[in-house]
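Presented sequentially are two complexes of chain A, the first with chain B as partner and the second with chain C.
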Partner chain A sequence: MEFETQTIVRMCAYTGGGIAMGLGAVGAAIGEGYTASEANLAVSRSPKISGDIFKNMLVGQAVAESASIFALVIAILMLFLDIQTAHVLKASALFGAGLCIGFGAIGAGIGSGFPGGQACAGISRQPAAASQLTTNMLIGSAVCQTPAIFSMVVALMLIFIDFSNAPLYPTWAALIGAGLSTGMAAIGSGYGGGLAAGASCEGIARQPNSVGNVTTTMLVGQAVSQTPSIFGLLVSFILLFKTFPQSGALSASMALLGAGLCMGLGGIGPGIGNGMAAEGAVKWVARNMNHAGELMRTMLVGQAVSQSTAIYAMVVSLVLIFVI
Partner chain B sequence: MAIEGVDIVKAAAFIGAGLSMGLGAIGPGVGEGMVAAKACEAIGKNPREAGLLTRTMLVGQAVSESTGIYSLVVALLLLFVV
Partner chain C sequence: MTGKKNKVGNMESIRQTQKKYCSKALIAAIVIGFVFIITDLKPVGKGLILGAIFSSVNFVLMGETLPLKLGKSKNKIFLLSLGSIVLRFALLAVPLIIAVRFEKFNFIAAACGIFMVQIVILLEHLVQTISSIRKSKI
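Let's look at the complex of A and B:
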């Protein structure tokens, strides 16, 4: 049974679009649900300021939604893409783009729900600090979106770059690997960044005068949590832009697919772990402001150790790409 | 495209190396993060013992790291030895 190129490309565009929106909906829905549940608790605690809490909940949910809106944009793009003159490689590029934004939206969606929820809980506890809480929530959840934005950039590159001059074997595997690498590595970073942001909102509600220290620690912690997704982005760029010599061997393709899988999966754990470390530090900076320096130092040392496995994963990926 | 036996074995080794290091990195990453979070908590509660706590944290993390290193070793074995 022979398929035309156009049929194959269209098939992959539709499958990729489905995967993009299906996976992309998971994270934001969970995150927004968490925000709403905390908002409900907050309203039951202080019904008099339910208006403020409700407003804050909606703002927080709107930010959490953006990850799945990225997925929606990519899915719609893929459904209506012009594929009249497409090369067969476009098929795997589109499939990779779907995987990339689908996985990439999960972490950011769940993560940005935490600051939203904790800010609602905080407003019921400290109504006077409401504006500080909302500002801190917005900063924290905006940083959580970065991994999803990385995924969207890679997905857009996969959709719009013209790969027709590259050899089909093994470039098809490099393109799927590029999608997996950024997409999966973004899960951990998004989720971890959210943990840190949630703890900072909780801390500010407890000690409104600690806001400066808490926000700084949160931003440093979140920045380190983003590193695994930056490693993922790096591996994706190498897979996208390196020209691979034509090779009919299955092993050449599988090495590139394996490189993407390795960095993608390997980024999940360190991203979450770094976020947990940041969560612990931020929480205690708010309770014990005098020792903010020591806490920040411990956090950074702990994060550096937790980062090491992401670095191992990157080394194995680079070996698979360049040495094998 | 004819696929030969040797080629299939190599392909499986490469995918296996990627999966080994990728999945193997998840556990230590999360575990070491938990250790660091609890160390921060302990230092927040009792800042005087910061040095001792940092040392305990690092030893704990080093032990938790070991499974990540096993994954790395298996991945490198799959890539270069097998």
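Let's look at the complex of A and C:
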């Protein structure tokens, strides 16, 4: 059975669109579910202020599902866009775009559920701090979306850049690798950022006076947690914009696909680990504001060590791209 | 009896929140959209307003499904959330499909429009934070 190139492009666009929305919905659903389960606990603890808890839950969930709306936008583009280029490379670019935003939305979706849930629990404990908690939750949730935004940028590049002048072998693998690199690396960063944001809401509920220190530590922690997804973005850009010489050897294609997989998978653990370090620091800053500086330093050292595995993954990816 | 009263009160507070953000999102979209329309960028203005309408509908539906999620186990909440997301996203897909299919609507503007409620929520809190920082400095 032989397929026309246009049919192959369409097939990949539909599969990519399905993957984008399917995976994209999972993260937001888990995050929303977590927020709702914590809201249950909060309402049962303080039924009198259930109205405030509901309001917070609604606003938190609206912001938390942004990542999956990014996935929806990309999915609709892939399903309905009139694709003029009939080139097999377009097919691999579209498939890569679907993988990129699909994976990329998972971490941000789950992660932004944590501040929502902890803010609901916090309001039940400390109703007077409801406004501070909602603001902090929104800041934390919005920062969690950054890795998903990186994924959306790479997905849009894969959809709209014309790769038809590049050699089919090994560029097809580079394009799928580019999608995997940013998409998978974003899982850890989104989830880790959410851990830090959740801890900050819990901390503010415990000690409302600590809001300044807690928010600063949260933002620094979240920023460092994003680093693996920035490495993923860097590897994706190299895979997208480097011109690879034509090579019929399967090893050349697999090296580029492997580079994307290496950075993508290698970024998941450090992203979550960095988030855990930030979560610990934020939690204890709220309990012991006088030692906020030391706690921040300890967090940064911990994050730097946890980061090293992402750096190893990036080095191996660069070796796969430039040496092999 | 108290539970019923609580439920009614909760729904009322949810509806107030929805009213507040949806009206702000729609007003913002209409004002910005109108500016685009009079500057001869009709598809951009129309796309933005179309997206904002569906963003508001999505936010209203989200609020209506919230009480269903309470008092259930974690697994049930996950399934309900997933069902709610799939339904609401099918609705959010409508302005995007219209924008892709018809040149009268700009796709990028429609995509921005479906984030209108989120943008309004974040902007409102940003403004509040900035003004509270200024007040505390004074």
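In this section, the second predicted complex is superposed on the first by the 322 of 324 C-alpha atoms of A that agree within 3 Å, B and C clash if a C-alpha of one lies under 4 Å from a C-alpha of the other, contacts with A are read in each partner's own complex, and residues count from 1 in each chain.
Note that a contact is a pair of C-beta atoms (placed from the backbone, for glycine too) under 8 Å apart; a residue touches a chain by one contact, two chains touch by 3 or more.
Only a predicted model underlies this, so the values are computations on that prediction, with no experimental measurement involved.
Who does A:39 touch here: chain B (first), chain C (second), both, or neither?
Second partner only, chain C.
Contacts for A:197 in the overlay, against chain B (first) and chain C (second): which applies, first, second, both or neither?
A:197 contacts neither chain B nor chain C.
May I ask you to decide whether A:214 touches chain B, chain C, both, or neither, giving the answer as first, second, both or neither?
neither
Would you sort A:142 into first (chain B), second (chain C), both or neither based on which partner it touches?
The second partner, chain C, only.
After superposition on the shared chain, which partner residues are touched by A:169: those of chain B (first), chain C (second), both, or neither?
It touches chain B, and chain C stays clear.
So, does A:67 touch the first partner chain B, the second partner chain C, both, or neither?
In the superposition, A:67 touches no partner, neither chain B nor chain C.
Report for A:291: first if it touches chain B alone, second if chain C alone, otherwise both or neither.
Only chain B; A:291 stays clear of chain C.
Which of the two partners, first being chain B and second being chain C, lies in contact with A:110: first, second, both, or neither?
In the superposition, A:110 touches no partner, neither chain B nor chain C.
Among the partners chain B and chain C, which is in contact with a greater number of residues of chain A?
Result: the larger residue contact count on chain A belongs to B.
Along chain B, where are the residues that touch chain A in the complex?
Listed in rising order, the residues are 1, 3, 7-8, 10-19, 21-41, 43-45, 47, 50, 53-54, 57-58, 61-62, 65, 68-69, 71-72, 75-76, 79.
Could you pull out which chain A residues touch chain C in their complex?
Against chain C, the touching part of chain A is residues 21, 25-26, 28-30, 32-33, 36-37, 39-40, 43, 47, 50-52, 54-55, 57-59, 61-63, 65-66, 68-69, 72-73, 75-77, 80-81, 131, 134-135, 138-139, 142.
Can you list the residues on chain A that touch chain B in the complex?
Within the complex, chain A contacts chain B at residues 169, 188, 192, 228, 248-251, 253-255, 257-277, 279-281, 283-285, 287-288, 290-291, 294-295, 298-299, 301-303, 305-310, 312-313, 315-317, 319-320, 323-324.
Could you please specify the touching residues of chain C with respect to chain A in the complex?
6, 9-10, 12-14, 17-18, 21, 59, 62-63, 66-67, 69-72, 74, 77-78, 80-82, 84-86, 89, 92-93, 96-97, 100-101, 107, 111, 114-115, 117-118, 121-122, 125, 128-129
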